[in-house]
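I have a structure here, written as structure tokens, and I will follow up with some questions on it.
To keep things simple, chains are lettered A, B and C as they appear, and every chain counts its residues starting from 1.
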Amino acid sequence: MEEILKTLMPGLILIVEALVLLLVALLHVAYTTYAERKVIGHMQQRLGPNRVGPRGLLQPIADVLKLLTKEDLVPAGADKSLFYLAPFISLVAGATSLAVIPVWEKFVLANVNVGLLVVLALSSLSSYGIILSGWASNSRYAFLGGLRASAQVISYEVAMALSLVGVMVMAGSMNLSEIVKAQTASPFKIYAIPQILGFFVFMVAAIAETNRTPFDLPEAETELVAGYFVEYSGIRFGLFYLAEYFGMVVMSAVAVTCFLGGWKGPFEVPGVPFFWFLLKLYALLFFYIWVRATLPRYRYDQLMGLGWKVLIPVSLLNIVVTGFLKVLV
Amino acid sequence: MKALELLKEKFPEAILGEESSAGQVSVYVKRERLLPVMRFLHAELQFDHLADLCGVDYLGWKGKNKKAERFEVVYNLYSIPQRAFLRVKVSVPEEDPWVPSVTSIWEVANWFEREVYDMLGVRFEGHPDLRRLLMPEDWEGHPLRKDYPLEIEEEWPAYQDLKQKACELSRFEWGERRLRGE
Amino acid sequence: MAPTLEVISKPCGHPEWEEPFVVNMGPQHPSTHGVLRLYLELDGENIVKCDPRIGYLHRGLEKLSENMTYTQAMVLTDRLDYISSAANNVGYCLAVEKLLGLEVPRRARLLRTIVCEMARISSHLLWLATHALDIGAMTVFLYCFRDREWLLDIYEKICGARLTVSYPRIGGVRLDFTTEIIEDLYQFTEEFPSRITDYETLIDVNRIWLKRTKGIAVISAEKAVNLGLTGPSLRGSGVPYDVRKYKPYDAYEEVEFEVPVGKSGDTYDRYRVRMEEMRQANRIIRQCLDKLSETQGEPVVAEGAPDLLMPEKRKKPQAVPHPKKGFLVKGAEVPVVPEGEVYVSIEAPKGELGYYVVSDGSGKPWRVRVRAPSFVHISAIPELIKGHMVADLIAVIGTLDVVLGECDR
């Protein structure tokens, strides 16, 4: 019996850890929506949610409950199986990337050696959900949104992957924990300073990858009504929402790990080992929200122009410079 | 009125008459000669701004100033460089309501003419796309005619279809309306 | 199988592949400013054909006003461009006054000018809010609404209504301003220019904003005149045609202001023109307020102006001749307007708003024709959108500043 327990123990711990991570992540996602509404509200001289619970703190829960009880409509002529599947693809792909992200030195679910590749692969997978939903809805607006999403994600993924190459070159590894350790050993402690170009490209591409303003073309509310999820309702609509915010959290977490020194900070905070990680994460999430409140939306061709004519050359330049420095130093 | 003098000099046969009201001058132009007159006004006299084009139905007109025909199409022209105003009118008989289209001169006339066609039933010869504008495509009658009643006794057939459809779909409604089966 | 999948399973060269991608934008769409419907044929993101279809808000105001007295019909004009209803009222009143030959007292003219310019500011604020929101800048929207609210509150103090004011009357205005209103307006004019600067810092030099507006929907001066564009949409192309300067009405002759014009005739220039116009409107209000003190205590309605009372509804007017003013209908006097016709236009916030009123010498207008700027502007959309993309269509609808209540009447 003990033998069996001993063999099962690591697996059980892993499951518990995964559940804890998922719960915490879900809570973060839920309260990111709350924070977004509150922060944008204050930026726009209004209050934001303040009716459900003290200071509106229960608003995300109320939202989820509302979405759960709403009718789940499927438009006539939709490709049913794909229509049902699409939000899950988006959500699962978004959430799975969390597994490889080291929240703390001793807390990483899957310490794989190709961590960065996993993140990139899953983020591109999540866009399949968007494309498929646009296709399956059998709606003109959704179709246009899906087309925009596919073009956008393909072009910005290249830029994003290239911007991370500099980090890989400097750290000499694709394991995210190793990258953090290499960063603390480096003279600047964080890669955001030597890799400033890469950091810039990564942040822009990350916004585009998660379809946030100013790159929210696939769901451009004032053009395509709601873009790819125009036909979705109820909890499936909620899942898309969740996937978007999961994407935000994951992208911010990757940026924290690769460019801002992960869980390491200027000093240790006793008892809260992931204090610095969370602080940096929140700062980046705030940046996302801030951008949304400030910038108008790009046009489709301008977006592609920015991706191919600016970001990709810049990140290529970054790789060349980093390579030279690596050879010289 | 300089423009008016020039107009009368150039087209003595096309000008049927003139009248003035509240300090504004109107010219009656022969329907068949409208296009050359308008071209002249636009090109030579710089009336580049067709401020308004509308139709008036004079059925049952009780005014002292008698009208020759039932309809009139009114062109309010303004010249931005000259700062001059001129109103051109065309009388249109009820039996054969048509007017030459001026879309080739002022593009803005396109929708104005469509509206007059929709509201009064005056056809514009040479209009590129004479469809109904404000009313539904299958509407019958022309609402701004004086013999068109203000309140209609009969319902528009398409509206009946809509109501029937709403009745059929009402079983999907929630709450009281569903019970009442409206 | 979904219909989309069916199409893709057809071989290449099948007629169904050649069919244009048709999108019906509206009548329910977040950025068509009401119930505008655009029939679009797309090639990818590019617009091949655009056909605006209107009439979803057609209430037959022209027909209705033929069956009402002149005073009653004025209330209908509120519902034209419901964002700047005071300007619509003024236009209608001017037309009827011209037929009646009424001379409006100076104080009333000043008051009318003030409410007209207030309407212009509130309309331009709403335009800026929605235009920016359409292009994606969400924050500007709420900032503009904050200041618009201020103006609407002043309107409420002036006449009790916020949106459909019906403040001007045939022959003057309904009520004089109280000192409180004048103080409020002074405070507003003091503070508003700095607010405009605020909006400009939000979007004026924003790279994305410039990319989305510069070179979009360019229209030359001749073409714009030929298409009948008026107001800021025309002045963005460099034509200084402003009815306030060309055919001055009310107190516009007394006040100093400039007519801002653009150069290139693109969306950005029209945006600049409107922003500048708000400053000028502010200036006009300020001057009129200063002049108000000169006319303290003067009447605000012309002598011999028709009575405000309405005849009872659903009863045929029983005409009893009145020695001075016309008919007596159930205790109310219906103004008798001499036979004639008149075309009067004013510079409404959206463009030239014209009223062509025909009177047969009775108490009801024979024909009231409204030349609505939005109507003309919507008809120009297909011309402006040539060679642009779906996203630009939103910018074009925004830049023309259309209101469907006015377009459909």
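Observations on the model:
By our rule, a contact is a pair of C-beta atoms (placed from the backbone, for glycine too) under 8 Å apart; a residue touches a chain by one contact, two chains touch by 3 or more.
Computed from a predicted model, the values in this text were never measured in an experiment.
Taken as a graph of touching chains, this assembly is arranged as a line, each chain contacting the next along an open chain of partners. The most centrally placed chain, judged by C-alpha centroids, is C.
Chain A and chain C have Cα centroids separated by 45 Å.
Mean C-alpha position of chain A lies 58 Å from that of chain B. Averaged C-alpha coordinates put the centre of chain B at 22 Å from the centre of chain C.
Residues 21-24, 26, 48-52, 54, 56-57, 61-65, 74, 76, 80, 83, 85, 87, 106-108, 110-111, 115, 119, 133-136, 143-144, 148, 150 of chain B are the ones that touch chain C when the two sit in their complex.
Partner chain A is touched in their complex by these residues of chain C: 1-5, 21-24, 29-31, 42, 44-45, 132-139, 141-143, 146, 203, 206, 208-209, 211-212, 389-394. On chain A, the positions that touch chain C within their shared complex are 40, 43-46, 77-79, 135-136, 138, 140-141, 143-144, 147-148, 213-214, 216-217, 220-225, 292-302. Residues 54-55, 58, 60, 62-64, 67, 98-99, 101, 222, 225-228, 239, 241, 246-247, 339-343, 345, 352, 354, 356, 358, 360-362, 366-367, 369, 371, 375-376, 378-380, 383, 408-409 of chain C touch chain B in their complex.
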